[in-house]
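Next up: some structures, all given as structure tokens.
You will see two complexes here that share subunit A, one where it goes with subunit B and one where it goes with subunit C.
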Partner chain A sequence: MSLLGKKFKLIEDFDQSIAGDYQLLPSRFSAIDKNRYVLSNEVGEYLVVTRLQLENFIRKKVPANTDFYYDLKSKHFLFDGDSNVAIDLLALKYRTKAQRIAQFTALHLFVVTLRCDYTCQYCQVSRQTDDKHAFDMSEETANKALDLVFKSPSPAIKIEFQGGEPLLNFSLIRYIVNEAKQRNLLSRKDLQFVITTNLSLLNDAVLEFCQQHDIYLSTSLDGPEKLHNGNRPRPGKNGYQLTVTAIKKAQDYLGRHKVGALMTTTENSLTQPKAIIDTYLENNLDSVFLRPLSPYGFAVKNQKAHHYDIDRWFEFYKEGLDYVFEINRQGHHFEELYTQLIVNKLLSPFSLGYVDLQSPSGAAISAIVYNYDGDVYASDESRMLAEMGDKKFRLGNVHTDSYPDIWLSNTLLDTLESTVSESLPMCTDCGFLPYCGTDPVYHYATQGDVVGHKALSGFCSKNMKIFKHVIQLLEDDTEAREILLSWVH
Partner chain B sequence: MIRLHSKSNTPVSIVEHQKPFIGKVTLNRNLPNGLRAQHVLVISEGTEIPMGFGLVLLAHDEEVNDCPPNAIRLSQELRYLKDHDVIKFYPDILKIDALFRKDANANSFLVTERCNSFCIMCSQPPKEIDDHYLVDDMLAALPLIHPETHEIAITGGEPTLWGDDFIRLIQAAKNHLPNTGLHILSNGRNFKDLNLAIQVAQVRHQDVMIGIPLYADYSQLHDFIVQADNAFDDTIRGILNLKRCQVPVEIRIVIHQKNFHRLPKLAEFIARNLLFVNHVALMGLELMGFAKSNQDGLWVDPYDYQNELHYAVETLARAGMRVSIYNTPLCLIPESIRCYAVRSISDWKNDYLDACLGCSAKEQCGGFFSSNLTKVSQNIKAFG
Partner chain C sequence: MKDDVLTFDVRVFSLDTIKRALYRFADKCSFDIQLKDNEITVTFTSKVVDDLPVKIKNEVLDQDLRDTLAKETSNIRTLILANAFSNTGLIQ
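Right, the complex of A and B next:
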């Protein structure tokens, strides 16, 4: 009933589609629970549908004039004879998603030394030595690496100092920051710096330098004192105290948002997610990143054990996330960063630059590593693998290879070709594909193959669980949904 | 309500104008002789009438002596005219239009009543007439407008129907008012031709914004609301073309019975597909023209679409878009999104209810269209 004057035509008069006829646009679906599926399109828009709705959609039996029909049309799962602008919009959205590939490498990691004062159980790369020359990056190497950094077409460049403990070679950090800023006078990039450090060498000189150059600090905090010190042994057994004291000092000096902390999950972490999160709260950190177990540590050797670990890790993650929700419900804004990333990926038209969740993989095209000796790796994990004796993902060396040599190396191109999820077995049919990616180094390390069998993949298993969990929360839990939406940036 | 037109003007002396006269109002009877012919002198007191003005408007009722030609007794309702206002005088019917008021919160130029759409809630129903004089009027008025004017607007009908003259208007606005914003209301359909968008961009107007309506997230409903097949596709392509040429675009959504239930989906559609537009305005219905005659099929109490409005505003704002709520009294907007409400109604057609008299939020509230006072929400309540 239109209740409009006679000179106005009815809504049916403006429907130029042939009754009930529509075409399917490219889409994929995966079950999220017994009865429901997530239906996603090529550009990451999604609908949660019942089995019956899904069948009707695919059999072209969804009746026109229903909200479900128009939801499918509006989110570009179908098009009909009344409109053909969907293709233009999909093309635009696809270009938007793919933009990061054109922008190329934004994150450049400089391993300024392998020396470290800690002996963490999960670290493969650090060295305990006073011999500076053996494991420190030289100015000459740094300069060659900077030549490559400033060849990147990315309008934003982030230089991250890694180790070992990078502050053990602070003079080189000073050198690189000054040199990069000098070069940037001409390049005019959005240039940022991060030091990933255990903070034990943090002093006023370092803080003043960070202040002066807007440098971010990223540190490791594994949880309560006992857990942290157990994971991260240090002569004097005072790692936890050193770290939290330095976090406070850095927050006071640089501002809260300039200091972040990451945790590494170990076997011992799995039973105490709340205690870990409380440690973050106690230290005035605004987020926690409940990271999965590292495959380069204790879980790498045995696939079965690994699968078991994913299930245990997921319980740990869920319990932690529930606690994070409780913190937010009590009026304190606090984020779990992996979930935040997934929610943003679900809702954003942009491609977010998280290296592991991209297709093709972010290896070298989002982030690249310059090792202390000038070797160039596709990712931090590639470098760790190399330190374990396998240089499969070494792309070249800054002293002997040019920008094209490195970025067009067969090692990189073959890797990238193996990480286009759209063409990978199982990924190609997965409803979570637009939000996921693939980690070639992980699959190589665990299965001896950069593609890997996804049914046996801990990476796949973990991410599928998280996607389902987050989508269920968004669909079914109003309160959690509100909190998750407040994390969208 | 402020009257912008009146025919209740009476001649006091002989009217020498043969054609309509557009002039700038002054209250200064001592204006140098060289400036007088192009000015309209408004006299609110005194019986001596100075010589040489293009038009003299007597804003009082006293008798005058020795009256020069072109003196008119101004109708009561236009006696607000003051310095820098611009009027048009029709000598044959003694009609006066206020084309520009310096103190107005909005000054718009209707440049045609013709339109290629036929929206079911159009407040300015289209007429198929030759009204090119409206373009000429605006071109004549632009040089007279005060150079510090914040913004002027072009409305219709559909202004782009003028083709090259549409571009001339934008060019003239830029030439004569280099510090003034220009807001253009168009249904956007003609911009499906990329060349028109390129022409607009090439004027390089310093501060132009094209306000384009999008009433639904799918074609059938939008095309029905604007009563034109393919309008949805044309409008979307128009928006894409304008933004391709870096011309700022605002999306305007009038909310009524036919589309309010899809408002959340429309917001999602915009946030996903048209994230790059510069502003989204969610607008209450103005009960004029077709909206009035169709009000049984269109009216919905804003109180009854609060949830949809809330979801839409949050969706757009979360996506980082600039969003505003227009034409809706504050007491009908959920508190958490009240900060998006704007006093959007042009002063001359803006009113309040008796119930608003004691309201503590009246100064911040946009109030009502004068035309809507006969059909108001049952949920209006004054804030204590």
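Right, the complex of A and C next:
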């Protein structure tokens, strides 16, 4: 042992750090409760610290050779004479996070028709008509849109069919899928398809086509029968039964994981998160997305009312999430998708393609919408806003505008410039910035300004509450932490 | 409902720090800010939150720390970003 001891120096011999002799690296902080702060750096690594620790760190009073010092050093909040590799590592990680911007638009939404067999009260876009020509996308428009799709430099392309009810124009879906695959023989991109459908028109021909082309089905399931049918009226008042029967049929035909469901949250949803989640379990679905109330209803609510809605929604979310944990503790892997997204942002080095949580916003550079008439919008919400009479975020038309016309339009570039969170008031020094983003359409709809005042923003309020809650769970609740870690992909 | 007044010594806290702190309370009330000699006087009417003055003072302290952090790291932040995007052809 003594011989071995002479060969190897002690750890202390390698440690050149001297108390107080360190340099700060860029970071931000925000309170998560009365006593603690989250301290995060440019690439999203974080520590939860007390006020005293925070002050000592910034005033350079943290003693070297302590656990806290090593935590700060290993997570790149400081560097000292011992090593300056932190700057290179941070640059590398930053480049990894920013990679999605260079890859550009991956999600392309085709609104193949506005016709729908449902009359959902919160939907601004659907039309009840037998006139196929008035609100259906034509092959000519689809071809022009596909020209733009295949100009995207993204190595992965997802084409999502939306409506109205897209299966009412299934012949065009067939056409687009076949045409896209044909064009992809040359482009050789990772090409995927999704149909967002209420499933009421699902039949064997549709299923066979989906199986043949590996198409994913995304449907709407708002919860128990009474809630679902109340939210989503249709002739016969049998929407729920049609949907759950079709989910089962599609799962049997395509496989469980080729069918997903999303819910729309309404006033009536807020009192029954457990019943909603039970409906998802009963229908053999592996996840639920407890989505917030949308501000794009019949009318955008005033700020005070909307803040009240956010508070009520957050209680709904927390109760739902607790129930999801209980389900997981019983051995059933079941995820809440927004929480899963946040946990992955907190704990993985990659940027995730969720349009609302990106800086700059993912509008048009992550996802873009081709409307039935060829109009191009920066997001689905932009299209809804247009149907409410405001075409602020219309970027052009596939028949008259080229790829550069659309993606370099002043409308888009001005919007993107206004969504770089690093330069926005309040966002710029927020500890949650690396995980957050901004939604220009939301802020325009609620405040008349694409930047918006974050102290008045329901978007900011909602996300801050969720970030704090999820970080508190990771810090304080061992069981919840274990479950959340199992959701990191 | 009454007017509350907070005063800050400009030799301790900068006007920018005070303004950044107050900005975060725009959903609670509006503020009147005056600078005279070395004193910043903030007048506001709090009707929603009883402990608003305490919260504002704490936020001013946080903003002061943020100011120190930002000043000390601004050059390093530029260095990291330049390093991250070097050899990408995106910066000249």
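We adopt the following convention: the second predicted complex is superposed on the first by the 469 of 489 C-alpha atoms of A that agree within 3 Å, B and C clash if a C-alpha of one lies under 4 Å from a C-alpha of the other, contacts with A are read in each partner's own complex, and residues count from 1 in each chain.
Everything below uses one rule, namely that a contact is a pair of C-beta atoms (placed from the backbone, for glycine too) under 8 Å apart; a residue touches a chain by one contact, two chains touch by 3 or more.
Note that the coordinates shown come from a computational prediction; the quantities given were computed from them, not determined experimentally.
> Quick one: is A:58 in contact with subunit B, with subunit C, with both, or with neither? Answer first, second, both or neither.
In the superposition, A:58 touches subunit C alone.
> Is A:236 touching the first partner subunit B, the second partner subunit C, both, or neither of them?
After superposing on A, A:236 lies clear of both subunit B and subunit C.
> Identify the partner contact of A:8: answer first if only subunit B is touched, second if only subunit C is, both if each is, neither if none is.
The first partner, subunit B, only.
> Considering only the touch criterion stated at the top, classify A:155 as touching first (subunit B), second (subunit C), both, or neither.
neither
> Touching A:26, do we find subunit B (first), subunit C (second), both, or neither?
second
> When the two structures are overlaid on chain A, which partner does A:88 contact: first (subunit B), second (subunit C), both, or neither?
both
> Identify the partner contact of A:74: answer first if only subunit B is touched, second if only subunit C is, both if each is, neither if none is.
Once the two structures are laid over each other on A, A:74 reaches subunit B alone.
> Given the touch rule stated above, what does A:429 touch, subunit B (first), subunit C (second), both, or neither?
In the superposition, A:429 touches subunit C alone.
> Counting only touches as set out at the top, which of subunit B and subunit C does A:485 meet: first, second, both, neither?
first
> Taking the stated contact definition, name every residue in subunit A that is touched by subunit B in one complex and by subunit C in the other, in rising order.
88, 92
> In the complex, go through subunit C and note every residue touching subunit A.
Contact set of subunit C toward subunit A: 20, 23-27, 62-63, 65-66, 68-70, 72-74, 76-77, 79-81, 83-85, 88, 90.
> Provide the residue numbers of subunit A that touch subunit C in the complex, in ascending order.
Contacts found on subunit A: 23-29, 31, 42, 54-55, 58-59, 87-88, 90-92, 94-95, 98, 102, 303, 307, 425-426, 429, 453, 455-456.
> Sort out for me which residues of subunit B touch subunit A in the complex.
Residue positions touching the partner: 118, 120, 217-221, 223-224, 227-230, 232-233, 236-237, 240, 262, 265, 268-269, 271-273, 275, 290, 293-294, 296-298, 314, 318.
> Subunit B touches which residues of subunit A in the complex?
Contacts found on subunit A: 1-5, 8-11, 13-17, 45, 70-71, 73-75, 82-85, 88-89, 92-93, 349, 485, 488.
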